[in-house]
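Both complexes below contain chain A, partnered by chain B and then by chain C.
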Partner chain A sequence: MSPGSPILAIRDLAIEIRGRRLVDVTELSVTRGQIVGLVGESGAGKSLLLSSILGLLPADATIQGSILFDGTELRGAPNRLLRDVRGRRIAVVLQGARAALTPTLRTGTWIDRALVLHGIPAAERRTRVAHALDAVRLDPVLLRRYPHELSGGEAQRVAIALAVALRAELILADEATSALDVTVQAEVAELFRELRQREGTSILIVSHDLALVAGLADRIDIIADGSIVERGGPSVLSAPQHRVTRELVAANPTLEQAR
Partner chain B sequence: MIRYVVRRPGLLIGLTILVVLVIAAVLAPSLAPFPGDAGNDTNLLETLRRPGGLHPMGTDLAGRDVWSRVLFGVRVSVGVSLAVIAAALLVGIPIGLLAGAVGGLVDDLLMRIVDVFLAFPSLLLALAIAATLGPSMEHAAIAIVVSWWPWYARLMRGEAAAISGRAYVEAAHLLGVPAWRVAVRHILPNAIGPVIVQASLDLGGVILTFAALSFLGLGAQDPTPEWGLMVEQGRSLTSTQPWVALFPGAAIMVAALAFTLLGEGLRERLDPKGRARP
Partner chain C sequence: MNNAIRLVARDLEVRYRGIELVARPALALDRLELVPGRSVALVGESGSGKTTALRALLGVIRPSAGTVEFDGVPLGRLRGTAARDFRRSVQPIQQDVDGALDPRQCLGDAIAEGHRAGGGSSRDAEATVARLLDEVSLPVSIATRHPHEVSGGQRQRAVIARALAVGPRLLLLDEPTSGLDATVQVRILELIERLRIERGLGLLLVSHNLGVVARLCEETVVLYRGEVVERGATRALMDEPRHPYTAALRRSVPEIGVPFRAPFNPSADSALLDGPGGCRFAARCPHATSPVCGQTQLLAPVTDDPDRLVRCIRSPELGILNPLA
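Then we have the complex of A and B:
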């Protein structure tokens, strides 16, 4: 449990669908309290990689290699263990914001049911939710709203609040800010930074947005065609080696200027 | 909500007729001048009286008050139709949800079974089943349920499959929600709207189908005051004593119309495509 030990360690992970190898990662790890950015173009295998961590690959996918979460092998783990890990220990924040919240449930109900699902008693649910709302700076009034009554940024903070309330040790952010406008993107990025600071949460940010990741991550892994092709601190962007990294940097005008 | 209804004349008319029908069904014993005529009573001295006086809708071949029988007929015709729709939904929704939410082999298997049922025109299938089971009201109801549920299964399956791909369903899986609970709590409530709309539109159709089976002698049996049966009993008299068939026929039309108007109104409210984004 000491800081510096890996919370997530992926080794020799290969995922194939109908004979096509879509992910081939030799090594990817996240240390406790670390923010890692996984950047690549769409179709590079980022989402498949995330799904595989939580054991939710499509039925026709085959997977090889090792996914260690806090020392426990998740690949091929029994469903009971995976369901306990999902949400409670590893939270996923999806791109959709509003679209990722069930439209027929009030946000408060949505959060509460997830806490009930993971066996948290009623009294503790209240304190945890209060703390989480505070952490993401969300007005408790919003708990009585339905997703369509929220802004994109509010919806995304509801999703992050749930991760906080469940005390997730690792957050997988799948393009979590892509659908938001720029000021809200900055707010969410700031929230991630605070979560790491205050709760010690480790975060794996999957994105095609280099600028966002550069400002947030301790380390950046560039993924292309399912493999990690370049790795380093945020400085990796100022002297990109791999063709894909150069293209990603070139496609991002703000980064281009910053150089 | 009230303003919403008032601004839609179709929905308003449908709701008004429904309320009248419900009142008629509940109060039939006290509203009907001759409640016994809806049962085993006959009055051979009063056969085929013209509408007027004691008998606002006249009397039939057995001297029974048509108005009393039409009133009690609400209970039979509308009641049975509601029960038939409810039963068809109870079978169709779980099967469609299972197929749409699970997909793959389960989906293929269930939908091929549904296809077999849908291969026959539903009235023809209902007729065949009712004829096989023998003429009675219960058998007619069963026959309609059997020919009707596949429509709901297929509609539900399509909606559930579409909803299964939504981000919030993925999010529920990622939160560790067991698959069956994802289906029931996250997919079902978001997919059921169009099915409910279809069911309310179908109520009129079921009333007509049930009346048709009774008309053909495969549904309700005399002396049950079922509208379709009453039309059948007055069929040969239409040129001389039209009231015997006319009034129950009008009742069928009014009830079917009410549910169609209601269904259209509900569609506007529940269909995602028709819903205004608040």
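Then we have the complex of A and C:
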């Protein structure tokens, strides 16, 4: 568990569906405590790549290559192993977190059931939840609410709180802030940064919003047509080489264009 | 068709029944004027009253107080040709593009329907559809496609073409680019900008993103929880915000090359939250102090910028806020 060692290491990953190669990634890794941004347009293969990490590819997909999580091969791993990793050690925060919550359960019950499912003893559950709520700055009163009684930003925080309570080592954030207002988006983004700092959580942020990712990530990978076409620190964006990166940079509505 | 039209809201108040804080309206807007050739932005987060304002201007919700007038006539009193003129001149572009189109109707038919609604004849419908598709940069062959067969950006262009088919003078756009990829978003904004110039349209653009409105609108009205907190020329408002919420909004827009900054005060004094007439932003404001921010806040002009109005009792002492600090 030393910092600097890779928590996630993907090598020569190829995913095909019905004869079409949709993902072809030679190398992608996240080291412990790192925030990596994976940026691309719709259809670039971002979500398929995430699904493959979780072992949740569609049944007609074929996959080659290697996905190491903390040194353990996840590709073709038995379900028993995947179930332990998925959700607990690797947490997922999706665009519509509200849909991930169960509509008939209060959020507190929902978090508690997930902790039970992953075998956390009762005595520990309460302290973990209290710590998690504090970490994501949520008022404990929200534990008594149902998902439809939460705002979009609150639902997103609840989903992140569960990741904290489970002490996830890696968070996969798939467009986790794109449905939120810019102000709320900025608050959730700040939260990711705090989690990395305070809990040492590694985060893979997948988004089409280059500017948001650029302000948060230690490294940015640009994906187009299933492959990484450009990679670098946030400074790569000041001199983008690849056509897709240039387009993404140009598309960012900068405030300099104001009338 | 009347070319010199004018849509004006005065002392508008909208209250929703059954909502908490009944003491305060969901929207209070002292003045908003829309004319062809000018664009105004309404900016704020969810619950700020942006969409409510747009709906009141369309006449689909009735204000609890104040008026919306089309060429001097309150919307509720428009009859006959004046009512028809209003519906043709003022066209909405809704946020939910997918819900705006009938899934069983092909795009060409949807646009032709707009053409007939605007008083066009069925004979030249086909030619008009082709011309409008070209105007929004869609291939004519797309006319026979259904909404699910085209991309999100193409659907948004088709919705804009249908609105144009009616022959509007004012477009009321509610988050027209949300849910689209960044590169698609910028092309839709370019399209709206071009249409505005070529057709001399007036725009009301509703968005939570200051970056989106920056390039399209001369005037910006910032709403926070139903109240106007600041209004003025867009450029001045972005570069030299006076209200702490405007500064926070500006900071929240992610920009390449600018490291991420937290937009709000994480440890605000919650005792300042929701005093009867106090500042609604106080609980998140880094400049809030008791007891002044608990007092009634008025929308007041700024001495050295006559076009600017700010609702912040501390504004005279705070002055121009650094938008990037």
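Here is the rule we use: the second predicted complex is superposed on the first by the 254 of 259 C-alpha atoms of A that agree within 3 Å, B and C clash if a C-alpha of one lies under 4 Å from a C-alpha of the other, contacts with A are read in each partner's own complex, and residues count from 1 in each chain.
By definition in this document, a residue touches a chain if its C-beta (ideal position, glycine included) is under 8 Å from a C-beta of that chain, and two chains touch if they have at least 3 such contacts.
Because the structure is a prediction, the values reported are computed rather than measured.
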| item | value |
| --- | --- |
| Chain C versus chain B on the shared chain A, clash or fit after superposition | fit |
| Contacts of A:Gly96 with chain B and chain C, given as first, second, both or neither | first |
| Touching partner for A:Ala135 - first (chain B), second (chain C), both, neither | neither |
| Degrees between the directions from chain A toward chain B and toward chain C, using C-alpha centres, nearest 10 | 80 |
| Partner chain(s) touched by A:Ser238 [first = chain B, second = chain C, both, neither] | second |
| Which of chain B and chain C A:Arg83 touches, first, second, both or neither | first |
| Partner chain in contact with A:Ala189 - chain B first, chain C second, else both or neither | second |
| If touched residues of chain A are counted for chain B and for chain C, the larger one | C |
| A:Val164 touches, of chain B and chain C: first, second, both or neither? | neither |
| Which superposed partner A:Ile35 touches (first chain B, second chain C, both, neither) | neither |
| Touched partner set for A:Leu56, first chain B, second chain C, both or neither | first |
| Smallest distance from any CA atom of chain C to any CA atom of chain B, in Å, after fitting | 10 |
| On chain A, positions contacted by chain B and by chain C | none |
| Residues of chain B that touch chain A when the two form their complex | 104, 166-168, 170-178, 185-186, 189-190, 277-278 |
| In the complex with chain C, residue positions of chain A that touch it | 41-42, 137, 151-152, 179, 181-187, 189-190, 193, 208-212, 214-216, 234, 237-238, 247-255, 257-259 |
| Footprint of chain B on chain A - complex, ascending | 54, 56, 59, 82-88, 91-92, 94-96, 99-105, 113-114, 117-118, 147-149, 159, 162 |
| Chain C to chain A touching residues, read off their complex | 45-46, 152, 179, 181-186, 189, 208-212, 214-218, 234-235, 238-239, 248-264, 266 |
